[in-house]
Every structure is written in structure tokens, then in C-alpha cells.
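Residue numbering begins at 1 within each chain, and the chains themselves are lettered A, B and C in the order written.
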């Protein structure tokens, strides 16, 4: 819950200052790169947590990410559209596809929904791979970098600020919903499906709002991802990617819709780097973290911090 | 299409299918009976393959290796139950997340130890024999027959008193416990047997495919699809759909190449839409 | 407490036409589960501002009836007509919009929310602002939220829970949880309030308090339909009673009439006999 008391406001300001000056504080370029990835991933996780709140368990977050990435890449490489238009367009396209899929799938029970998301994941990757017009298994490369006039985004720092802005925008979109009656309706649906229905909440409508919004924001993230990396291949957006998204959510804390995903993503991406854990041990670290968190820190890292604060009072 | 090709496709389908059946049956026991969503079930399959392969390398006779592989995975399932499934029993999402993590550790732990290479385990049943104009590979036949043997043993077991208790718990856990069945123990039993089945399935297939740490992933999507189409809790359904999927993939692959996977997926989506609780499943009274 | 209409919280409707208009009408309603009829060709008419009781032995189909009326289940046959319009196939949330609210046999609350938040969520269906307006937090949306908050506080005061407004619902004692469930249903501003065993598990004092509260709710222009096993409460509270057995309505009338009805006595005595045989 985002009730802003003064201590919390100060904390938020401090965090924003740190994040704002991060490229100057952290000189290791690879670490900045990690934060960029964490930021992009946290957008996807925010969408996931929102869907989890209304009891929609998806395993196709990577699919929407890929839809955003591919739409943006295709718009850029095939139609030479400027990045600044590609980005919102990719979001809108992905959101629209989410709308269509949602109309078909959101009404179904959770197992059907889950399985169809799994199926969508696999079909998406296979379809992309088999259709050479979309780049086939080699993907799309030489995706144009963002540019304003003659300034081309090149340094890690510039991309970092781009990511920070995008993440903030997406977070604000969801905060806007969470603080309204729509957000209350979402929480109600998550707490008790029957009771929410019985007070007149149209569960389908509110789940659709989550689904489409999450699709939109995930698409935005995918678009920036494509333009940052410069090339994309279908395998990046398969079910393996989707399946590890919940890990970030749990580690951050499922009850915390914005800070959870962000913190979770940063922990998963940055800690192995900071601790100098070799690449090949990183997944083991992730797996161990999720098991530990599920068993002992069910409210996630933020939950632990919250408990420490209430105890110190 | 010549008769020769037809028989080969059937045989290939049966090989794939019987493997799916074992894994899917295992998962049906774990999920349908104990209601535990073990996302690492496919990696249990992988572990069974490696245990079996390792034992074969050490010269242990194949039957013994198979049994030991089954036991090891059964034990592994038991440990996982106590460590993860029981504490998280009421939280489906956390169970899924945790088993995803477990899978990560299993796969990457193995990669760290062995590296990401494919390991070829020499076949036990080499050679083939001819039936009329068709050559039947002994290895493929052995896979089908051994799987059949395992399923028959399972079937015998399920007709016993404990088996009936298992079935009762699957259909209605509350009613079963009111009948005096110790559902807690049934859960553990289901998980042990289910995990063992996955391990045995992996062991059986490892000589035909190669052993590699990532072999659990493709199996995972397949068994999820099978169980969901058949209806969770239905062993009969798992068998029929498992074999069906194997045959479908075999035939489709022959004509359309790697589109077979997509076709299966689309089929699954359609069926899930028309009949969300699976063909032999019980209707959910209300959606969650 | 003041009339809720006066506060502008109830949308303007045609004035009530008196006590003899049937606000809820059920025609030949049946619900089959497989081959078993949970309710069988039930006809029922509930008049506006009545307090109607539904009683019957266990398994008579009372909760199924509630579920079909509120929309959790769709009937196999028959019609449900509310305020003159058929609602048989409508989803639950549409029925709530038209003015039906209910409580559940097993207490159903938003356990992780506070008492106040629970009731506040219940007010949800009264919001008229659309998605965009709510997302942008326009002054009109914010005004609606304020009204919703005020209404929630009023209901809590009315039902006697205002001192516990910040307690988490799951931490409430049992009796208060049942009252909270009624508060949530009230927040939806219903014309028909269906209560499923409102005094179940309550001691005599709590029961009396609840009975009195229900009467006062009715006096605020809400028709009451309730299922209950506590005969003292039913006879005390209800103006008319419908008796069910094996999915069929076997009797209907005032409490006095029902007490003397042979079929009713048989239905209940029959159950007692069966029970004593098994004992």
C-alpha cells in the first residue's frame, strides 16, 4: 500500500536520488548494464504481479515482451520509423493483441489460462522461427538506436536514464490504477472471488484491464530492450524467460506491487554480479534464493524490511 | 504411404507415446492425487536418466539400474515433499515458484558438474530384426515393452487396496479422509510413485536420446499438456492422451517437420477452451 | 440514521408502490446436478419490504435457491424475475447492479483488509465514473470515493462495528465477522438483501441483536429474504415463511400458520425420526 507518510517520503526521495545519480556513483559499466536489464525486467514483473493480484497466473509474459520487441524492431527496420514512435506503437500493438487474447482467455479457469499462456509462449517462438519474413531463427539485427536530432544514444548511462524514465512511467501507470477504485476492485478479486462478484464487481472487466495494461507496459519494455540490444532472436522470448519472472516477484515480495518487482529484479540481476558469482553459478543462486524466500521469507525482501520497521517502533 | 513407413511411424509414435505416458502418469499421481504442482517433474525425468546412465557406465545390469533409478527418484520425491511441498501445500503459486527454482538448481547444478554436453549412453538392445519387409529396431521395441511392463505393474498395484485408496483420494480428498483413509500418507505415496515414474521414464529413454541436463524442458510442456487435456487425476486419460500425442507427433513430424510441436500446442489450446477440465476430468464447480 | 435516499446515495427511482408489489418472482425454478434435483419447480414471490424466511431441513435446497437467485449458479429450468425484469441468465455483478446483495453461509470476507476497507469495497457498484475518470483521479471520481467512505462509516456505525474499523477482518471474533458480512452486502445499496443463515453460530444475545438490526435494515427500505435454522429467530423476525423439503416448496404462510402446518411438522419430525434411528 502506498500511503505516503513523511518517513516513507524521505525514503523514496533518497532512493530516487540514488537511482538518479547511479551512473555517476557506479563506474563499472557492466554493472550499469545490469541495472538497465533489471529495470526492463522489473516492468515485466510489475505486470506479472498485477495479474497475480487478480489471480491470473501467466507464463507468457515473455511473449508480450517479444511482441513489443518484434513490433518495435520491425517498425524500425522495415518501415524506418523513428524510435520515439516505435516505442508507443509497440506498446499499443502489444496491448491490442493482449486485448484480443484476453477476450478469449480471461474468462477461462486458472488452469486453462495457465496452459494457454504456456501454449502461446511456445507457439510464438516456433512461429517466429519458422517465418523467415520475421527474421526466422536468426532474428532481427541492426535495430536502430534511439536518437534525438543528432544525438544518438550510445553510452550505458544514456540508456540507463531512458530505462529509468520508462520504468517510472510504467510504475506510475499502475500506481494510478492501484490508488483508485479499480485497484481496490483488483485486491478484492484476489482476496475472495465469490465475495467480489457478490458486491457487484465485474471480474471479467477488471481482469481485462489488468491484462491489457500489463500487455501494454510489457510491450514498451520489450521495445526498449530491442533497441538497446540492437538484435533479437525468437528463443529469447520463450517460456524459459516467462518462467523465471515469478522468481523476481516472490523475492521482492508479492504483496508489494511496485517496490517488490523492482527490488526483486535488482537483487536477482545485481547481487550475483556484486558478489562476483561466476556466470555458471548464477541460476543456482536464483533457484536457491527463490526456495529460501518461499520457505522462510514469504513476504519477500520488502516484507522483511517492513517487519523490521514495525518491530523497531 | 507404404506399409513399411506406416509401421515405422507407428513404432516411433509408440516409443514417444509410451514415454509420455510414464511421465504424464507420474505427474497425474503427483498433481491429481496429492494436488502438488511439481514444476520440476521434468527435471526428475532428467535425473533418472543420468542416474541410470551412470549406473550403466559402471556396468550394473540394466534391470537393476532401472530399479535403482526409480528408487532414487522416489526418494528424491519424498525429500522434496518434506522440504518444499508440505510447508507450501496451501499455496499453489509458491509451490510452482519453488519447484521452478528447484529445477534451476538441478539443471544448472548438473551443468556445473558435467558441463552442457550431450552424453551418449550405449544402448542395451542393439540391432534389429525383420518382420516381413519391415525392420524393427530392438531398441525401440524394448522401450515400448519395458514401458508397458512398468504400466502393467502400476495397474496391478492400483487394483490393490492401497490403489483404491489412492483413487478415492484423487476424486474427493475430504470424503476419502472421512472414510478413514490416511490421506497424508497417500499423498506421500503418490509423490514417491509419481517421481519414481518420471525417473524410470527418463532412464528408459536415455539410450535412445542423449543424456543432457536440459532434457527436462521439452518433456515438461508435453506432460503438462497431456495432463491438462486428459483431465487432472485421470490416469486412464493420461495413458490414452499420452499415446495419442506420441503418435500424432510422429506422423506430423514425418510430413510437416518441426511444425508437429506447434500443431500439438494449438490442439491443446482448442481442447482447453472447449473443455477446460479435460476430457476425463471432473467439472470445476466454480472458477477461481 | 436518516433516510439513505435523502443523502443522495440512492439513484432516483420510481417511488415504492406499497407493500404488495412482488420485488422477486420465481417461476418453476429447477436446478439439477446430474440427475439429482436440488430444487424442483419452485414458485416463489417475495413482496417488497417483506421479511421473508426460507426454512427446511438440511439438504432441502435452500442455499442452492440463493445461489441461483444471486447468480452463482444458473438454473436448469425456470425464471427469476426481479423488479419485473427477468434476470435468469444475467451474471452476478449485473444482478448486484440491479439491487440484489447477499451474504454466505460460510463467512466470506476480504480477510486481509480492515473492517472499513471491507465495507468500502462493498460500495463499489455505486460508482458511476468510468475507468478513465477513475484512473486520472478526477475530482468527480474523488468525490465519489469520499461519499463511498462516508457511507461505509455510516453503515459501520449503524451496525455497531465502527469501533473496530481498523481491525483486519480475519482477526474479528466470529459474531462480528457475520455482522461485517451483512455490512458489506448493505454497502452495495440493495433493494433485496439475501441473508444465508445470518445468526448461525451466535449465542442468544448476539442473535437478538442481529434480529433487531435486520428489522432496522428493512425499515430503511430493504426487502429481506433469509435462510435460517434458528426457529426462534425465524418466528420472531419473519412476516412470512416458505418451507422447503427435498427441493420443493411444501408450505408458505405466516409463522403461526407454519407452526401448525402438518406437512411442515412431518418434514421436520421425519428428519428427527431418521436421526434417532441412526443413533
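In the analysis below, a contact is a pair of C-beta atoms (placed from the backbone, for glycine too) under 8 Å apart; a residue touches a chain by one contact, two chains touch by 3 or more.
Just so we're clear, the structure is a prediction, and the values are computed from it rather than from any experiment.
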Mutual neighbours - chains that touch subunit B and subunit C alike: A
Closest chain to global C-alpha mean, per-chain Cα centroids: A
Pair exhibiting more inter-chain C-beta contacts, A-B or A-C: A-B
Far-end chain from subunit A, centres as C-alpha averages: C
Approximate Å spacing (C-alpha centroids) for the pair subunit B, subunit C: 49
Length of the line joining the C-alpha centres of subunit A and subunit B, rounded to whole Å: 33
Intercentroid distance (Cα basis), subunit C paired with subunit A, Å: 42
Sequence positions of subunit B contacting 2 or more other chains: 286
Multi-partner residues of subunit C (each touching 2 or more other chains): 72
Touching two or more other chains - residues of subunit A: 194
Of all residues in subunit A, those that touch subunit B in their complex: 52, 55, 57, 104, 108-112, 115-116, 118-120, 122-123, 126-127, 130, 193-194, 239-240, 243-244, 246-247, 250, 254, 280-281, 283-284, 286-291, 294-295, 298
Touch list for subunit A against partner subunit C, complex: 176-177, 179-182, 184-185, 187-188, 191-192, 194-203, 209
Touching residues (chain side subunit B, partner subunit A) in the complex: 39, 83-84, 87-88, 93-94, 96-98, 100-105, 107-109, 111-112, 217, 221, 224-225, 228, 232, 258-259, 261-262, 265-266, 268-269, 272-273, 276-277, 284, 286-288
Touching residues (chain side subunit C, partner subunit A) in the complex: 70-72, 91-94, 96-97, 101-102, 104, 108-113, 117, 120-122, 124-125, 127, 131, 134-137, 141, 144-145, 148, 184-185, 187-188
